[in-house]
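Every chain is named by a letter (A, B and C) in the order it is written, and numbering of its residues begins at 1.
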Amino acid sequence: MALLADATTLLGKELRTEFRSRELLTTTVVFILVVVVLFSFTFDPSTSESRRFGPGLLWLSFLFAASLMLQPCFLREQNNDTLSALRLSVRDPFSIFLAKLSANTLFLLLTEVLMLPIFAILYNVHILSVFPQLVLVLFLGSLGVAIPGTAFSAISAQARMRELMLPLLLLPLLTPVLIASTEATGALLEVNPALRADWLGFLLGFDLVFLTALWLFGEYLLEE
Amino acid sequence: MLKSALKATILFALIAVTAYLAFYYAPIEKSMGVIQKIFYLHISCAFSAFVAFGTCFYANLRYVFTRAPKSDWLAVSAAEVGLAFISVVLITGPIWAHPVWGIWWTWDARLTLTFVLGLLYVSYLLLRSMIEEPDKRALFSALFGIFAFLDVPLVYFSIRWWRTQHPQPVILGGPGSGLEPRMRVSYLLMWGALTGLLILLLSARYKLEALRASVDDLRREAEVR
Amino acid sequence: MTTPGFFPTGIRFENIDKRYGGLYALRRVSLEVRAGECVAFAGRNGSGKTTLLRIAARLVRTSAGTVKFVASASETADSGARIGFVAHATMVYDELTAEENLLLFAKLQGIAGHAARAATLLEEVGLSERRGSLVRTFSRGMRQRVAIARALLNEPSVLLLDEPATGLDPEGITWLANTLRRMRDAGRTILMSLHGESEISALATRAVRLDAGAVVADTQAGASLHSIVTFAGA
């Protein structure tokens, strides 16, 4: 219970600081927008072509955006050594990760949902009828990005060239998320949309594996 | 020094013998022809690579719980040796695939897994080079290594499920199933020889890392004085 | 300021080694700090003061040796020992207000009546009027006051301070000295690293000098105490 209470308190802190400055959200939205627009020049974005390539490019842009967005997650805590203050205060160090990965998932999901209508218009695909299902896929996928992403942002914060290190560590590991999310999104954008329970189950499995790993090894990630 | 030279000589002889056996003793495969000979090296190297990465994972876990520098030395040695073997796999794979399937590369589950695995351990070594302080380097790379290894089955299954929905070339006669006896002997010997090579490389690299660590310690101490 | 549940607590360092790579930051440090002592650590930069304090706070893991908290009643007070820590960095968020910072950490530490506690401390450090301002807008001295307030939230039985006077103006130093004196007189244990002599070093009941990670002098009050603190500051 202390875990959840602490995590909630910390999540409040994360949300408050972000919504006060909105630095991460605005830059990420603009970044994804730029990528999605640039991608449209690489093929003819007609409805049928977009169905083939759209989901993949959408998820690729989300992944790249995430690897940038997760960058300051732990770096910020180094500025004033606030990470030490957190470590001294919380009863379970996992609450720090729980709060951060919830915040990151939320930020990712928010930017993705904002991007969906723009994507639909630019690429001539219909999303209105399957919007809730799409959000479910986005949620499970973003969780899959945010869990290892939060862990690795603690790792890359310790390294030189950290801006490059995080994508290098994170992106190969996210291969399964990219495949599963792209397939699930693609199935929803088909002429006869289908909710692919198998891929959603796979994403859920991925999320659980890394959440467990984070729970087991999180406290070591916070060591100095 | 002499002992390791002797070991290396014996191993070299063993590899030479198995190579001879693979080429002249084992019969030529019916459908694939002479190119199938590469299979002995390819599969054995893949096996050694996976054993090396498994060792790396074990050493990573051990480091996190014991903080013994030795575990860190083992981890970095295993990762590097594993990458060497996986490079051979990634080079021999297309050489084998091209005459047989007519293409250099296919996004088959095993191939892709090998590729992604290679990428993950390249990242692992890069990360190590980006953290100066030895204890930090050991701890954080170990934690990354643990996460990376957990990803292996997930990558494999995601690609397998993904690929089953798309057309892909049929892999002729899955290796291992009903091997001709002379082929089996050659394969087992090659497998043994390359496992020997794995152990030799691993122990040599481990000794090098131990030396490197003590040199590093001495240099740091000298800098303070 | 004493609250029920406050146990006078001592600290026992046993054969502490801390290596960074092959370099020793601390080498075989053994030190027994009795409950209620006020220990000043002196020594050059890099002598191991900061590392020792961070080890005591359990932020840094030792390479060898152990730290034990010894409460008057029992030796097994490890988890019960309440620690307050003031580091070089402020350990508070620039992008939150002073009040938000204190509320956040009070909540995380599970302090009953955290709102009242935060208000009391803001009053005490003289920041009541600026409670709603972002810490980013504060002067260095004001930030240090917030940092000290944060460390006092849980009414610690052991207070660890790493050069606490950093950035404080003379008025602030007097305020800090008074606060620490009250805490010391209430029987709380204080370990602080200091740079040179000041009103704060005068509070020490014991001085320990570190050099290259080892204890080279250890004096219980008196004239020699002063010489250790001042000498090290030079």
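Going forward, contacts are C-beta pairs under 8 Å (C-beta built on N, C-alpha and C of every residue); 3 or more make two chains touch, one makes a residue touch a chain.
These figures come from a predicted structure and were not determined experimentally.
A.B. asks: Hey, which pair has more contacts between C-betas, A-B or B-C?
C.D. replies: Of A-B and B-C, it is A-B that has more C-beta pairs in contact.
A.B. asks: What chain is most central when centres are computed from CA atoms?
C.D. replies: A
A.B. asks: Can you check how far apart subunit A and subunit C are, centre to centre, with Cα atoms defining each centre and the answer in Å?
C.D. replies: Centres of subunit A and subunit C (C-alpha means) sit 39 Å apart.
A.B. asks: Provide the C-alpha centroid distance between subunit A and subunit B, rounded to the nearest whole angstrom.
C.D. replies: Centres of subunit A and subunit B (C-alpha means) sit 32 Å apart.
A.B. asks: Cα centroid separation between subunit B and subunit C, in whole Å?
C.D. replies: 51
A.B. asks: Could you list which residues of subunit C touch at least two other chains?
C.D. replies: Residues 61 of subunit C each touch two or more of the other chains.
A.B. asks: Can you list every residue of subunit A that touches 2 or more other chains, as numbers and ranges?
C.D. replies: Touching at least two other chains: 223.
A.B. asks: Quick check: what residues of subunit B touch more than one other chain, meaning two or more?
C.D. replies: As it turns out, subunit B has no residue touching two or more other chains.
A.B. asks: Can you tell me which positions in subunit A touch subunit B when the two form their complex?
C.D. replies: Touch residues, subunit A against subunit B: 148, 151-152, 155, 158-162, 165, 168-169, 172-173, 175-176, 179-180, 183, 198-199, 202, 205-206, 209-210, 213, 217, 220-221, 223.
A.B. asks: Under the definition above, what is the set of subunit A residues touching subunit C in their complex?
C.D. replies: 2, 6, 9-10, 13, 16-17, 20-21, 79-82, 84-91, 223-224
A.B. asks: With touch defined as at the start, can you tell me which subunit C residues reach subunit B in the complex?
C.D. replies: The contact residues of subunit C facing subunit B are 19-23, 61.
A.B. asks: Considering only the defined contacts, which subunit B positions touch subunit C in the complex?
C.D. replies: 67, 133-135, 213-214, 216-218, 220-221, 224
A.B. asks: Which residues, counting only subunit C, touch subunit A once they are in their complex?
C.D. replies: Contacts found on subunit C: 54, 57, 59-61, 83, 85, 87-96, 100, 104-105, 107-110, 150.
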